[in-house]
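The structure's right below; bear with me while I get my questions together.
Chains here go by letter, A, B, C and D, matching the order in which they are written, and residues are numbered from 1 within each.
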Amino acid sequence: MPLDDSLLDMAVPDLTQFHRVRELSESLAAPLSPEDWMLQSMTEASPVKWHLAHTSWFFETFILEKYIRDYKRYNEDFNYLFNSYYVRIGDMHPRASRNLISRPSAAQVLEYRHHVTSQIMQLCAQLDDKEAVEVAQLLRLGCAHEEQHQELLLTDIKHALFQNPTGPSAYTCPALPDRVSWDNDAWVEFDGGIVDIGADGGEGFNFDNEAPHHQVLLKPFALASAPVTNRQYCAFIEAGGYQDPRWWLSDGWEKVVSQNWRAPLYWCGEGRDRTRYSLFGIESLNPGAPVSHLSFYEAAAYAEWAGCRLPTEFEWEYASGKAAGQGTQLTQSGPFEPQPAVFERDDMCHQMFGDVWEWTASPYTAYPGFRASPGAIGEYNGKFMSSQMVLRGGSCATPAGHVRGTYRNFFPPAARWQFAGVRLARHL
Amino acid sequence: MPLDDSLLDMAVPDLTQFHRVRELSESLAAPLSPEDWMLQSMTEASPVKWHLAHTSWFFETFILEKYIRDYKRYNEDFNYLFNSYYVRIGDMHPRASRNLISRPSAAQVLEYRHHVTSQIMQLCAQLDDKEAVEVAQLLRLGCAHEEQHQELLLTDIKHALFQNPTGPSAYTCPALPDRVSWDNDAWVEFDGGIVDIGADGGEGFNFDNEAPHHQVLLKPFALASAPVTNRQYCAFIEAGGYQDPRWWLSDGWEKVVSQNWRAPLYWCGEGRDRTRYSLFGIESLNPGAPVSHLSFYEAAAYAEWAGCRLPTEFEWEYASGKAAGQGTQLTQSGPFEPQPAVFERDDMCHQMFGDVWEWTASPYTAYPGFRASPGAIGEYNGKFMSSQMVLRGGSCATPAGHVRGTYRNFFPPAARWQFAGVRLARHL
Amino acid sequence: MPLDDSLLDMAVPDLTQFHRVRELSESLAAPLSPEDWMLQSMTEASPVKWHLAHTSWFFETFILEKYIRDYKRYNEDFNYLFNSYYVRIGDMHPRASRNLISRPSAAQVLEYRHHVTSQIMQLCAQLDDKEAVEVAQLLRLGCAHEEQHQELLLTDIKHALFQNPTGPSAYTCPALPDRVSWDNDAWVEFDGGIVDIGADGGEGFNFDNEAPHHQVLLKPFALASAPVTNRQYCAFIEAGGYQDPRWWLSDGWEKVVSQNWRAPLYWCGEGRDRTRYSLFGIESLNPGAPVSHLSFYEAAAYAEWAGCRLPTEFEWEYASGKAAGQGTQLTQSGPFEPQPAVFERDDMCHQMFGDVWEWTASPYTAYPGFRASPGAIGEYNGKFMSSQMVLRGGSCATPAGHVRGTYRNFFPPAARWQFAGVRLARHL
Amino acid sequence: MPLDDSLLDMAVPDLTQFHRVRELSESLAAPLSPEDWMLQSMTEASPVKWHLAHTSWFFETFILEKYIRDYKRYNEDFNYLFNSYYVRIGDMHPRASRNLISRPSAAQVLEYRHHVTSQIMQLCAQLDDKEAVEVAQLLRLGCAHEEQHQELLLTDIKHALFQNPTGPSAYTCPALPDRVSWDNDAWVEFDGGIVDIGADGGEGFNFDNEAPHHQVLLKPFALASAPVTNRQYCAFIEAGGYQDPRWWLSDGWEKVVSQNWRAPLYWCGEGRDRTRYSLFGIESLNPGAPVSHLSFYEAAAYAEWAGCRLPTEFEWEYASGKAAGQGTQLTQSGPFEPQPAVFERDDMCHQMFGDVWEWTASPYTAYPGFRASPGAIGEYNGKFMSSQMVLRGGSCATPAGHVRGTYRNFFPPAARWQFAGVRLARHL
């Protein structure tokens, strides 16, 4: 019996993908100067240079070190500087001090990247069949890992440049279609019942946190056809949403008061003078684009105010099967900001994969029977399963093709620097 | 058709319960001095005096103010001083400064208590039928609320007296049966399937967070017959559990390192010299008693080390139907510390209601269709549904009769000052 | 040749003074409840109970332990609990946790006091001549030490009760003469030259930081005849003094901005509605009384705004020889707050010893040739000679007779909870 | 009557000095990359780029804006970004965020520098006589200001590169004479009496804080002939100096404990394995070089341990008249680290101007009659006259010719990142 093609695909290292991923990172970094590459505006964020180096360290540590006999590390110091959190690999540079790594220089980090890329290429030409299967898997993981860092590179540099009072632009704004949009307030209904959740490992790549495949019981529910737009979110602000504790979780209200939250991150001004900081500099607000840079607390408060709720991650995943097309995802040319959609009146959910991540009502926990991968690679996901919330979908900064219906993103509920928005849900 | 008796019960204020509850608070406080009543050792904890006053404020605010026409508050300042977190009632005294309330004095707070108690009694004698139903409900809520504060009073004063380097005792140790116990390492198996979860409102009191009643799909699982004992937990410590990041969630490991955790809270010494601070002062460790004063992180790390996991709150609730008897709960005479159990070899779960709260794997979130009660009373539970974990069962400090199978307790994952332990679970 | 009388006095323990001092402490504490005695509103302040115990610990540690053979400490724990900062004596309870000492109780601390007092009395009856001289000196030091704590007891409890939003009073306001005062804006001129500074040890008690006696060269200068009054300070506020960085030292301006300083500590309201919190509760501002509860920064800013400067401690000490009478000092009956003075138009400095401490321009440093006393008692003063400013004079909370011309008080420049004000100086 | 030459010098802008100063800054920065220029390792330190820009802003703000009619600022944003603390000029970028200024780039800042330099040159060619006198003075101030920033540039980049775990070097170590040195433990005695202190404004430049010239009365004293060496300081460490609170001021001991100080900043290892981080990377300790990177607390503790004391700034200034030659100061070629001296046995003080700043016992306060310069330029010195200590002399990082006998440097007592050491004093 012949092998299933997709399984065959999984059995050999996908060097085309590998090349594409490595190039995208470098092309995102290219318009930024070595000085921009140094910026770190908060502990949670990392400098561009560090993202570029760490993603190479990942391939070096989990593939080159293991599969090349007597492999000599490119630079011993890099194992300390560019380890993120893999305690089983060894000690690491403190996260808050990543902005103090002027050495190695930008040029040296690019050299390191090219060295790792080329070593991987050479290695893949020499693997026996068993190794090829293993390396193919690790390569896919490394590419998925690097794609995640591509998104962080964008959100981190956005946050960092925003601290510069001159409002600098990271990229040149591409010419985008001038869409006249209306707010899509249709609802899509779902019956619920016992539904399948998670990745079954049968085809394609998935992270360990998407498994095991299992069943969940859902009550009938409805999901908004589209994410909440800037225009809709403005109504919440104008209605005094940020002044009224009724809509807020207690922890969220504490943030509103202590951090003086008055609007989503990056918004400035009020009423008609509202602007927002984008990767193109300071811009006027696009009313029809999905609202982004919300914390979970803001998403939940908006939903409460609107008399609705957030979907659970299971409702979202189940509904994603009925999604119409995709939203905007990241390519080499951007677009770097969420875009308004032109909708047809259909009975479908729109923009589910792209534009903005969607906060769900689900805390990030293990699926029944979850086991982290063995060894240091198992530190990838499982150890973060506390005090974070699941986001689903993908954003304008998510590399095209990176996400899928079972994909689970996660951030602490107060995090605002991601392209994260909200899609409403309600019970039927 | 005649009314169901239990519903009838619910329709008239239960003054017997009210009296019992009010008296228990005062009897727990009685052995402590007015100076002890002032202690507040951390922001999360409150002084005894504050617990006594706040629970009275609750009855005054939600019943007396509403049902007595032209009710004049006992003291206007108390509405500011003794509001805990009900923002819709008005401003409140900062939580961290509750230890600065030397005025009103202990004696004045007791007077306030007696005033409120007697006003409630008088009010209940004058209610019309409709009001009686409402007040009966609020009275039950107020009693449940005060019972929760009785438990906090004990855990807070334990934490506060522990800060005193002389290791003072709060209570005289009662004579307890000298049980020779073995570690019950039996497992009880459950089939799972679609199971009923939550309170259906049909009978008895429940908090709003236990509703709505709904179905959940469970895979087959097993629950340990008994909670982990001090003896078993010592093995984890001796095995280097607090030195090995493999067992820990990332946030938990951060605590281990930054707070220098080496054993459960209140444990001192090592090996055979281990002692622990209790409400009776410093004592030797009781090997057969359930381990308590664990954080969620420690509970989860222990489970990981033991090759098991924590139960979900749904598994726990479902299994609680198969529980053998109760554990130790609080009465006027204590016992104030978890007790070893004498087990029969049966196919049952033991000590599920008492001795120690059991951390579950479930973050504290809303049940499908949850709506908080309207008005300020709705701030009771719902607004805390983020960044906390559910505990189930009840402890030696939980007033007898307070808990039930659907009861959901919740604390942040790093909290250690509750009588919280761990019961293992695994998949079948 | 007969001995000088004053030296003779120094050679025998002054038990009359000892008794007077011990009684004043207890009489200041008496109107306050055991619960009030627990209050500690900031790390720099201590509870009343702690002051009462610590001053007894001082006598026990430095006299009883040394001069009574095989002396057995009253309670071993007290050596840990009530040591303030004498590292050579041993470990001590953390300063910020003094509010957690509910045990020993107020009553037990009073018993401890009485024990120490009576032991000292017995000891003094049995000393040989050589010991008598030594004990007489230590007793004087212990009394001076306790008098300092009497002032702190008052300023600490004032700060603590002020945190209670109900504005409680510590003491009943005594009947005070209703003085109609004018602002004394006369200047007293001094020639300067080489002047004598410091205590020469010839007679009377002094702290080690007042020695050695030495010479200082002063330029001609003038000192204001009286300290700045509330009325005068209001003019600074109305003139926008707290909004204009020109008048402020950089560190001071940082405090103004970050702590939102708008008036002296304890002042509330604006313009004609100004009130202030006093030990008698909330009162209207007394325009003719010296302004108090200023930080050094405020004193210096006021002087800068007024086109003057603060005096150096040497100018102040030299001028104090030309002082007319004393200001208000503390007796058992108060008065607990600075009082307006009725001035004669004379060429004298008024209110130099009492009412308010006067911030000087002098940082607190060692006099040339200063040596701290040997042993633990040497930790009294010298080790604090950095980052503090000298205050001179004495206040309404300084026990009568405690201060003298050479007396050096010292506090960090941002401290505001002392009765500290400002007297202007200028060059001639 | 002909003008005194030195006064004549003061009357025309010294463009030779100006050029020399501007070039030195750029030559110090040249070996460092644009990425190195971004580093800021603590709030008190600034990035190289910021130093280069701020010193240009100073000339632009205080000269170009005032003397060029209708002067248009080079870039309006720079007035916000590169103002340090001149509140009268306007708002400014938060100090702690100077590491977030990737834009303007290094190249743009150099352009800005060249623009300002050339504008100053053009301006000076066109001044009338009155303006020339004023600009000459401001130019001298601006040069002195930039020289101070040259020293900070070196100490700040040293601190920043030290945070990089790879121990990078900033500069190539120059070939230095291999001096075999002995510890010069001779004392130089001084009679004291009434001595002249401060700058009399008669000739040469001085900062406002060096005036007015006045008299001070000194007792006879002796000063060590040379600063304490690394070898001598090691003896203090080996004797347990960092473990014994007896030697330490209370604030200093608090730092020792909380910051875990065990040796001067930049020292690593123990005993014979001691190394230190320098601007050339990690080096072995030079036993005969003056110890540096001490806080005031360490300097004072060393002196106490040695049975001596720190000199007052007046003793130091008076003694500086009897100094033998200078120590090592900064030129374009370094040397960037303190050097051992070869002494003759003479009755002189050595290395007083260079190698290491010498902590004095004197808090930084105003001289009698001090008035800050009018306007924003008056914010240069006076407003910092609290909570800092005076250092005298100059260091290996002080540009040659910058210091003089009356020069007063000042830093907070806990600051360790300057080239600051200690010279002992004692009373005679």
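To be clear about the criterion, a contact is a pair of C-beta atoms (placed from the backbone, for glycine too) under 8 Å apart; a residue touches a chain by one contact, two chains touch by 3 or more.
The structure presented is a predicted model; accordingly, all values stated were derived computationally and were not measured.
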item: Both-way neighbours, i.e. chains that touch chain D and touch chain A; value: none
item: Most widely separated chain from chain C, with each centre as the mean of CA atoms; value: A
item: Centroid distance [mean C-alpha coordinates] between chain D and chain C, Å; value: 38
item: Whole-Å separation of chain centres (CA-atom averages), chain B against chain C; value: 48
item: Intercentroid distance (Cα basis), chain C paired with chain A, Å; value: 61
item: Multi-chain contact residues (two or more partners), chain D; value: none
item: Pairwise touch network: line, ring, star, complete, or other; value: ring
item: Chain B residues within the chain A interface of the complex; value: 85, 87-88, 194, 214-217, 219, 245-246, 248-253, 296-297, 300, 309, 361-363, 365-366, 368-369, 383-387, 389, 413, 427
item: Chain B - residues contacting chain C, complex; value: 33-39, 41, 77, 80-81, 93, 97, 99-103, 105-106, 160-161, 163-166, 168
